[in-house]
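Look at the two complexes coming up: chain A is in both, with chain B in one and chain C in the other.
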Partner chain A sequence: MKKRGKGIACIFYGTGYGNGFPDVSRAYAELQPDGKVAIYTGATEVGQGAKTALSQIPAEVLGLTVDDIIFINEDTSITPDAGTAAATRQTYNTGNAIKMAAEELKKELINIAVKELGLNSDAGLEMKDGKIYLKILPDKCITLAQIAAKQSEPLRTFATFTAQTVQIDPETGQGAPYWPYTFSACAVEVEVDTETGQVEIIKAAHAQDVGRAINPKMIEGQMEGGFAMAMGYVLYEDLGLENGRIWNNKLSTYIIPTAMDMPEIQNIIVEDPESTAPYGAKGIGEPVMIPVGPAILNAIYDAVGVRMTEIPVTPMKLLQAIREKEKQGA
Partner chain B sequence: MELKEVIKARTLEEVLDVLDEKGEKAKVIAGGTDLVIQLREGKVNPEVLVDISDVAELCFIKETGDFIEIGAATRFVNIKESPVIGKPFKGLQEAAGHVGSPQIRNLGTVGGNICNASPAADTVPALLALDAVAVIKSKQGTREMPLEDIYIDRGKVKLEPQEILYAVKFLKPQPGQGLGFVKLGLRKALAISTISLAVFVERGENEVIKNIRIGSGALSRFPVREREVEDFVKGKKMDNTVIEEAAEVFGQVLEKRLATRPPVEKDFKPYAIKGVFKEALNKAWQRTK
Partner chain C sequence: MKKISLTVNGKLYQVEVEEDMRLLDLLRDKLGFTGVKEGCSEGECGACSVIMDGKLVTSCLIMAFQAEGKEIITIEGLQKEDGTLHPIQQAFLEEGAVQCGFCTPAMVLAAKALLDKNPHPTDEEIKEGISGNLCRCTGYAKIVSSVKKAAEYLNKGGK
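Then we have the complex of A and B:
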């Protein structure tokens, strides 16, 4: 018999290394001879979209397009340390460092423009599309390329961002170990075949607090990816560890979900800007995965009344649990 | 043996000549979806590979007299999409559609599925339920045998080194017949069968199950007919009681058969088979109408 059930789960997640551990990101912003701006930072792109999001932030600061940002990372000989692509910290930490370096560069560019244009002050100066101009008299204008040509050395700014976290009291466990926190919620509907133990996820809704969505499409991608990862973790993935030997050591036996297994997911992006974050944006890499597993397990419980306490919930394990429950009931 | 030669055959005659000359040193390759892996793992070491994937004489699905005949090098995708097989036997097409992924179905062949003799071959239970006959050719001539009899053991078939599986054939669907197929895998695509089951039924008067044939995959060392269950059902009137009782019988058969197998089999398959069997039988019965 096929039985349906629904489950929800909510989580909160602390961004960064936390607990007072130094969590530092650094970045350079450098004006190029053609008026483009290079960002140097040690942030690593691991497929999460760091290069895109971390280019959008300085582009926004400097009134440039993403194409005018030359993003240089993953080369430790020329980039400053920006910590690991871990703990969901790159958008927040390195995003902040890049934003600060870009703002510093903007300030310097404006100061140069004031001098070069012979103005009394920087009031009413706009910076857009590679130009700095006076809003009330747009002819008073200088391009970033023109500014670059006047420099004997490349104009370069540097910024460091250190996240604010406090070590918890070892006695009481109280304190503020992380900042900021991210919130996430997931609801799934499953169909359990009580005769074969198979679980099918019929549909899902997934809501993620992002602070501010720097790139909504990438966030959706991360949400779907996190869902698939959690689904594999909870329903399929099994190393088959036996006396220290991994039996499922290839992807034909270590089962992860295919596109055919993925349900339709309604992704909901919740924007509530975080005051200490770059444009309010928080990282979501890990949080997107966390509520999915418990939501699936809760839905299984709702469908067939058994609490699965070991993952993956393989058809064999679930069928045994269902039969056990039927025996007790009989 | 070291692989020395790959012969791209264009005609059946060419294939038979090579097999006749090289005998055990030669191995036939079609889609290669199983064989290439075995070659890489060093499990088979032929000196000569005869590629039959472009031998047109081996790629066909056609009606010949009372039979539907499928050439050995016919790909799963062609079976899945063939208009020849007919709605009552759609179960065979579903079985072909459950093989691996589109990429594998575009390469893999029904003959390979049979001759690789994997217990989890997806199309074989359906062919067994259709009481298919294997047509085998060599330079010496043609012989036929029930597909069921072709298996010796896991990975082993009764083909002489000089022989090739030419085709499989089964009787065309008659009014009142239907074939249902259900596969249980760990996911919806690219999954090796945990259980696969095909049920052929023939509806008699007054809802009597006049005939039933059950082919199973991954329940034995190679795909088999489930005769104890067939015998229990045959001649009975189709209703819920019979379905439930037959499912119980099937479970008991497997409990005995799998008693010494690892827990993933003995603690799972005798129970899961009940749901799979009921679904396959119901599908088959619906197609008799």
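Then we have the complex of A and C:
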């Protein structure tokens, strides 16, 4: 018999290394001869979209397009350390460092423009499309390329951002180990085949607090990817670790989801800007995965009334649990 | 050693191959088509997929000598000479279907093999068409919507 059930779960997740551990990102912003701006930072792109999001942030600060940002990362000989691409920290931490470096560069550029244009104040100066101009008299204008040409050496600014985290009290376990936190919720509907123990996810809704969505499409990609990874983790993926040996050491036995396993997922992006974050944006890399597992387990419980306490919920394990329950009922 | 001739991306090659060489190694190491990726080496992940005589195959499971006289398409063969992307590549970019990118070349080829045969696939047919290619990043949704979009572009006569 096929039985359907629904389940939900919500989680909160602390960004960064946390618990008082130094969590530091650094970045340079440098004006190029053609008026473009180069960002140097040690942040690593692993497919999560760091290069894109971390180019959008300085472009926004400097009134440039993303094409005018030359993003240089990963080369440790020329980039400052920005910590690991881990702990969901690059958008928040390195995003902050880059934003600060870009703001610093903007300040310097405005100061130079005031002098070069012979103005007595920076009031009403706008910076947009590679130009700095006076809003009330746009002819009073200088391009970033013109400013670059006047420099004897490249104009470069540097910024460091250190996240605020406090070590928790070892006695009480109390404190503020992380900042900021982000929140996720997931709802799934499953269909359990009580003859085979197979679980199929019929559909799902997935909500993620992002602070501010810097790149909504990439956020959806992360949410869908997190869902798939959690689905595999909870329903299929079994290393089969026994006495130090991994039995399922190939993809023919360690089963990860294919396109055909994926249900329809409704993504809900929740924007609630975080005051300490770059334009309010928080990281979402890990949190997108976390509520999916418990939501699936709750849905299984709703469908067949058994609480699965070990993952992956393979058909064999679920069938055993269902039979067990039937026996108790009889 | 054995001398074979094969066509890759429209160009004829005559090469000497060892008897135990895989097509994957011939394409990557001898001919330089590094867009062909080696993943699991046992035909499970699909990262090494190429199109051989119109069919999507995993090049890790085919011996080089078996490619004698065959026509092969790799990801390098999709872009036009002037640098214009193939509509499938364009759709992947626009939809955000690429994350780490390791599965992408073969995923694009899987989409091409599907759309060459079936220009109006349903979502289910798209999912089936790419189901031999594993992706650990995207959850496939953006890939499916890209293939759908690419089908529209191709049916309109390219973009």
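One rule holds in what follows: the second predicted complex is superposed on the first by the 330 of 330 C-alpha atoms of A that agree within 3 Å, B and C clash if a C-alpha of one lies under 4 Å from a C-alpha of the other, contacts with A are read in each partner's own complex, and residues count from 1 in each chain.
Keep this in mind: a residue touches a chain if its C-beta (ideal position, glycine included) is under 8 Å from a C-beta of that chain, and two chains touch if they have at least 3 such contacts.
None of these values were measured; they are calculated from a predicted model.
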| item | value |
| --- | --- |
| Which of chain B and chain C A:Ser252 touches, first, second, both or neither | both |
| First, second, both or neither for A:Phe227, with chain B first and chain C second | second |
| Touched partner set for A:Tyr236, first chain B, second chain C, both or neither | first |
| First (chain B), second (chain C), both or neither touched by A:Ile8 | neither |
| Contact breadth on chain A, by residue count: chain C or chain B | C |
| A:Ala207 touches, of chain B and chain C: first, second, both or neither? | neither |
| Partner chain(s) touched by A:Val114 [first = chain B, second = chain C, both, neither] | neither |
| Touching partner for A:Pro315 - first (chain B), second (chain C), both, neither | first |
| Which of chain B and chain C A:Met260 touches, first, second, both or neither | both |
| Contacts of A:Lys217 with chain B and chain C, given as first, second, both or neither | second |
| Footprint overlap on chain A, where chain B in one structure and chain C in the other make contact | 252, 257-260 |
| Contact footprint of chain C on chain A as seen in their complex | 46-49, 217-218, 220-221, 223-229, 250-252, 256-260, 262, 265 |
| Touching residues (chain side chain A, partner chain B) in the complex | 193-198, 236, 252, 255, 257-261, 314-316, 319-320, 323 |
| Of all residues in chain B, those that touch chain A in their complex | 101, 184, 186-192, 194, 263-264, 267-268, 271-272, 274-276, 278 |
| Residue ranges of chain C in contact with chain A within the complex | 40, 42, 44-45, 95-101, 126-128, 130-144 |
